[in-house]
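The structure is given below, and queries will be raised subsequently.
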Amino acid sequence: MIEFSSVFKHYPDGTVAVDDVSFTVASHSTVVLVGSSGSGKTTLLRMVNRMTDPTRGRVLIDGNDVAEMDPVQLRRSIGYVLQAGGLLPHRTVVENIATVPRLRGASRSVATKRAYEVLEIVGLDASLGKRYPAQLSGGQQQRVGVARALAGDPNILLMDEPFGAVDPIVRRSLQRELRALQQELGKTILLVTHDIDEAMTLADEIIIISSGGKLAQRGTPTEVLTRPADAFVAEFVGVGQPERRLRLREENGVELVTDGLGRPIGTLDR
Amino acid sequence: MDLIQQAFAWLIAPTSWIGDSGIARRLSEHLVFTVVVVGVAATIALPVGVVIGHTRRGTTLVSAATGAARAMPTLGLLTLLGLGLGIGLVAPAIALIVLASPSLLAGAYAGVQSVDRQTVDAARAMGMSEPAIIRTVELPLAAPLILGGLRSATLQVVATATLAAYTSNTGLGRYIFAGLKGREYAELIGGSALIVALALLLDGIFALVQRVTLRDPHRLPVTTERHHP
Amino acid sequence: MRWLSQNWETLLQLTASHLALVLPSVVLSFLIAVPIGWAAQRRRWARDPALTLVGILYAIPSLPLFVLIPVMFGLGLRSAANAIIVLTVYGTAIMVRSAADAFASVPEDARLSAAAIGHSSWQRLWMVELPLAIPVMVAGLRVLVVSTISMVTVASVIGIQNLGTLFTDGFQRGIVAEVVAGLVVTVLLALVLDGGCILMARLLTPWTVSQRRVRGASAWT
């Protein structure tokens, strides 16, 4: 379990990136942080592995304050996935994935073996292992990023806009795979996105951050959609907007679902 | 320390400053030579660099020229031309023009080439002629790098003009060669110090000019390379 | 050609003295400049003073320096140490800027993700920043090597033996072939060592070669 307890982050230039935020991420659940650009999502995420330290407040993992842990050891125990994978361009795929086991002292052969295992878990062919990141497609790079995060078998995965750099179709399939993977592995995942649809797809619980780094609402996707806490949340999740006001009409003997403007979305599955 | 005192004494002695090989005469020779050489080199190299930057044709010429200038030993070129053309000022002038041109060429080329293509496109779309684009858009935006090239070339020529005294009777470099030959250490060290001071002064003036004229913080710092002996 | 056939032993000897001045200077410049360049890039307060100092050093003409350094350090005018110090001053001036640029060229993404997955700061420097800085660093090293090879010839006018001696000797005795031979060999030496640098970079940075081969693959942004 990850617990944020009244954390603040003030940068020296006066920016207030996070303003009194508290929430918890239950073990084995997926919590998604959404909010507009610059609202402090990345800052919050980075507090978990101490890439950033809060100005005030505490972040606890299973009851232990991360401020008391050695940052380097802490980071080796937490998986971290960045946009575009954050791969090291001068290491092959397998070397990238094997990095964390190696840093933890595993022998080269053990680390490589582990790397090929996770490569398979994320659905990549072993033949890609010897390539450099630049020789992969965006979607493949992203998968390698996830594989690298999984290689140390961490309990916690932090993901910062992990699918932000790939096209919508690939993003959809990566989201699906992440859900399947999560069902199988049961990690504790904290994920950042500014795509509300992605949040709805992946989250057990959504945390909406408004600009200025304030927590606007937390709840399940159903809760935020049906009971938005305020106008900002309603606007952000699109309540009342034509895109979210689905309608049903019959067309050629099929029950067609459309958005508020009448554009077809799909068919009804009774 | 004794040597340094002697050199200092030589530098401040009024007799050192006057006469045919006095400091005043040598200093002005050095400066005039530098200005003429940089002027001629700029007249040739800047337009070429601007055209290459504008058309983006002939970029290999720029890198070949800068590479060759860097690898070419100045002293070798000076002595070769000296043997061919005699010990006048012509040989060192040609050698220095050849060696100074690449910095100017590269500065002009890099400056014009660094201008955002969209800006140039927009100017063209508004109906500006190519010369007008160069004059009103590219040159002003390229000014920092052109000035940087000019600074490199000037410093390079000031330095190389010293060496030119090896093959001809001109400039502050004479103090070094005459001093070496006649074991006149005061002259040797004093002359060397003068040259260093002159180079630093010129560099400082350029730095000041660049700071005053190019106060725009969005412009890139000037980093054209130069090569000098 | 006749000059060459009669004097090839001198030529070899001078080439050897040339290298004996160039190689230590290049190595020293590199070892001094890389840490300074790193600090100039990573410590904001160090950047401006370091780069300004380096610019000033570089503005000093070399011939007077060959005279002033021995006076300041109490060295012999014609000693190898004098030449090596002067060349190292210029070499460092050239290399500090390149090294700073090289460390600046390391993608921020790579630095961040290296830290995020648990590299300590030393590990990040050795395992991530240094390797990724190699391509730009080598570009600077090439300029350093070629400039040093050419600049050392100036030292021959104060009597330090190297390939430049062919220029002074040829000029004084009026032998054009000797000067030409000096020019050709100096430039050839520069080309060979430059080629060596390129080769070394290829071997040290296999990932850039593969990027060249696979042009279509998405680039690092």
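Letters A, B and C name the chains as they come in the text, with residue numbers starting at 1 for each one.
As a convention for this text, contacts are C-beta pairs under 8 Å (C-beta built on N, C-alpha and C of every residue); 3 or more make two chains touch, one makes a residue touch a chain.
Here the structure is a predicted model, which means the values were calculated and not measured.
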* Structure fact -> Of all chain pairs, the one with the highest number of C-beta contacts is B-C
* To do: Could you name the chain whose Cα mean is nearest to the mean of all protein Cα atoms here?
  => C
* To do: Measure off the straight-line distance from the CA centroid of chain A to the CA centroid of chain C, and report it in whole Å.
  => 46
* For chain A paired with chain B, centre-to-centre distance based on mean C-alpha positions, whole Å -> 56
* To do: Could you put a whole-Å number on the gap between the CA centroids of chain B and chain C?
  => 21
* **Shared interface positions of chain A, touching two or more other chains** => none
* Complex interface listing, chain C residues touching chain A -> 107, 109-110, 112-120, 123, 128, 131-132, 205-207, 210-211, 214, 217-221
* In the complex formed with chain B, which residues of chain C make contact? -> 55-56, 58-65, 67-68, 71, 97, 143, 146-147, 149-151, 153-154, 156-158, 163-164, 166-168, 170-171, 174, 176, 179-180, 182-183, 186-187, 190-191, 194
* Structure fact -> Contacts from chain A onto chain C in the complex sit at residues 49, 51, 72-77, 80, 82, 84, 86-91, 99-100, 103-104, 131-138, 141, 148-149, 165
* Spell out the part of chain B that touches chain C in their complex, as residue ranges. => 3-4, 67, 70-80, 82-84, 155, 158-160, 162-163, 166-167, 173, 176-177, 180, 188-189, 191-193, 195-196, 199-200, 202-203, 223, 225-229
